[in-house]
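Next come two complexes, and both contain subunit A; in the first it sits with subunit B, in the second with subunit C.
Let's turn to the complex of A and B:
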């Protein structure tokens, strides 16, 4: 499917969503935490069932984490992005919509200390058992020694 | 559930590419549940990239994987080039494709050998690894290296394919094609192979889609996704190849897909050698990258590889996110293990290609006696075969 068609279909179902197309086959969907589930559900219902990964960018100067859900739909990479507060970083689990997201949700819990609410399996996945609690290595304020 | 026995495999397991632990709960001979723990060898590469320049990162990222090193650097270069708005010369696009396909051939041959080994058929291992040597020799001819080819640089590639080497490379491809045809014959006809792989480690199309499996694993469950075809990069748009799928969804299907891909890869390599456009191999890239971001997808031998690169205007990236294909397949691996015999665990784990080797050690915990017994995976296989009266 052509990128423009994808954008039209997303806009057809969701109003007031900011969409940018950085290049052919790449779509950036900007939304808010409150609408995240609604957006992902709408995309899932239209066929975007594949989640490639979840990226977190620590924008420490602005005191936010940006969470990017990379979906794949009909030859297009759709990135759904939300900003969350760095003070109390919480996102809802998206495994109810995309079960394949579990690995990546566990990963962002480990690496950024973002709490994923109602995650089916909250155990550590990438950091070792003896890694200290409350230390999140991919945050910008974690200095590499 | 109390009667189930938990068998931890790993974490220090010479066969795994990354140290990992697999906790399998068994009821009698069958696996009822599997849990995978990956938390043993986090190397912090993503963090390390933030403290290195874009060029230094190339060499770091090449070392993410020892088998698909070219996949990682190509994906990273694509992302950085997109931010820079660099046009890569045609010759470089074709060379990247060629190395990428040779890499796929050696990776799939390596896998086929290990699959043979896991079912107790070491002859196949000897054959495929002999052929893999040929691929490594071809890679060495072009790049000077057998594993970390260091071919990529931002804006193109570092070495050209010399005209005088082309005939040798074509001969190599001819030899490989002959062997691959034989392997296809073997895995579709050989009774031993069929008995050990058919119906083993089943993954339905629905589950493969739902749990977002990638690469040959998902294609063997009849899900037709391949980044090379769907989200074309390098020179794939100009080349003719088909996406191989299978319907059986078992280990056999995965073997069919991988051997089918070997044929396609050889086909792509031949086309590249025939149409190499020549000319410049790299565009000069500035050391500093303007603020921006890019998402790059690549079909590595094991499936979709995804890179997210964010730059901040300096010569070091703000964030590099890597999702290797194996991570995308963990969830389905647990699914595939459910219901298989203990002795089939190695081949099922291996079928997603994280590579279990012969010297594997397994610790068995008998919960009823509270005793731990250390054995080898090979012995475990024989133990089960003996009980089923096959050995």
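Let's turn to the complex of A and C:
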């Protein structure tokens, strides 16, 4: 599917969504936390059923975590971007929409200390068993020894 | 040469342990064990248990999770035991040095007898390391120059 068609389809279902296209076959969807579930649900219903990964950008100067949900949809990479506060980093689980997101949600819980609400399995996934609580190695303020 | 030493030199059984590497060194170690490079000519056999092994072949940097397990595997081996560190990560931490979950080289946890650099080392280099271990078993310390690395014996 052409990138323009993807953008048209996204815009057809969702109003007031900011979309940027940095290059061909790459679509950035900027949204807010309140609309995240709605946006992902709409994308899923239209066929974007594959979640590639979830990544996080720690924008420490702005006191913001940006959570990026990367979806693959007919040769297009769709990234849904949400900004959350760094003080109280909470996102809702998206496993209700895309079950494959569980691994990545557990990963961002480990690495960034972002709490994923109603996650089906909150167990630690990547860090070692004796890793101290409250230390998140991929945050920018983590000091490497 | 006394009988025990002779027996040990002719059957240096190995146990292979990956402490958190990327698998490249493991592939080279496996290549060394296959007939193409054939360390079995020195009596090297891969064993599943450290209790049966004389040489512990370690690959990868030591991670926080594997540290205690590496110690435990080492302690399970019967004396005399030798440790062969395969790959630059195993020797010093390599590219993982300073990583949040990496402890560094294997020698931060257990004593190492022979270091083999490279990322990953060629099978010929690993064979060279094996020969160094054999020399050490024989009690002669490390060889100045092993027979394997002279000329292009192994390719």
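The rule is simple: the second predicted complex is superposed on the first by the 145 of 145 C-alpha atoms of A that agree within 3 Å, B and C clash if a C-alpha of one lies under 4 Å from a C-alpha of the other, contacts with A are read in each partner's own complex, and residues count from 1 in each chain.
Here is the rule we use: a residue touches a chain if its C-beta (ideal position, glycine included) is under 8 Å from a C-beta of that chain, and two chains touch if they have at least 3 such contacts.
Nothing here was measured: the structure is a model prediction, and the numbers come from that model.
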item: Partner chain(s) touched by A:46 [first = subunit B, second = subunit C, both, neither]; value: neither
item: Partner with the higher number of touched subunit A residues, subunit C or subunit B; value: B
item: Partner chain(s) touched by A:144 [first = subunit B, second = subunit C, both, neither]; value: both
item: First (subunit B), second (subunit C), both or neither touched by A:96; value: neither
item: Which superposed partner A:127 touches (first subunit B, second subunit C, both, neither); value: both
item: Shared subunit A contacts, counted only where both subunit B and subunit C touch the same residue; value: 127-129, 131, 137, 142, 144
item: Interface residues, subunit C side, partner subunit A - complex; value: 63-65, 98-101
item: Residues of subunit B that touch subunit A when the two form their complex; value: 37-40, 42, 44, 46-48, 50-51, 82, 209-213, 225, 230-231, 293-295, 297, 304, 306, 308, 310, 318-319, 321, 323, 327-328, 330-331
item: Residues of subunit A that touch subunit C when the two form their complex; value: 127-131, 137, 142, 144-145
item: Complex contacts: residues of subunit A adjacent to subunit B; value: 22-23, 25-26, 49-53, 55, 57-58, 68, 70, 72, 75-77, 79, 98-104, 111, 123-129, 131, 137-138, 142, 144
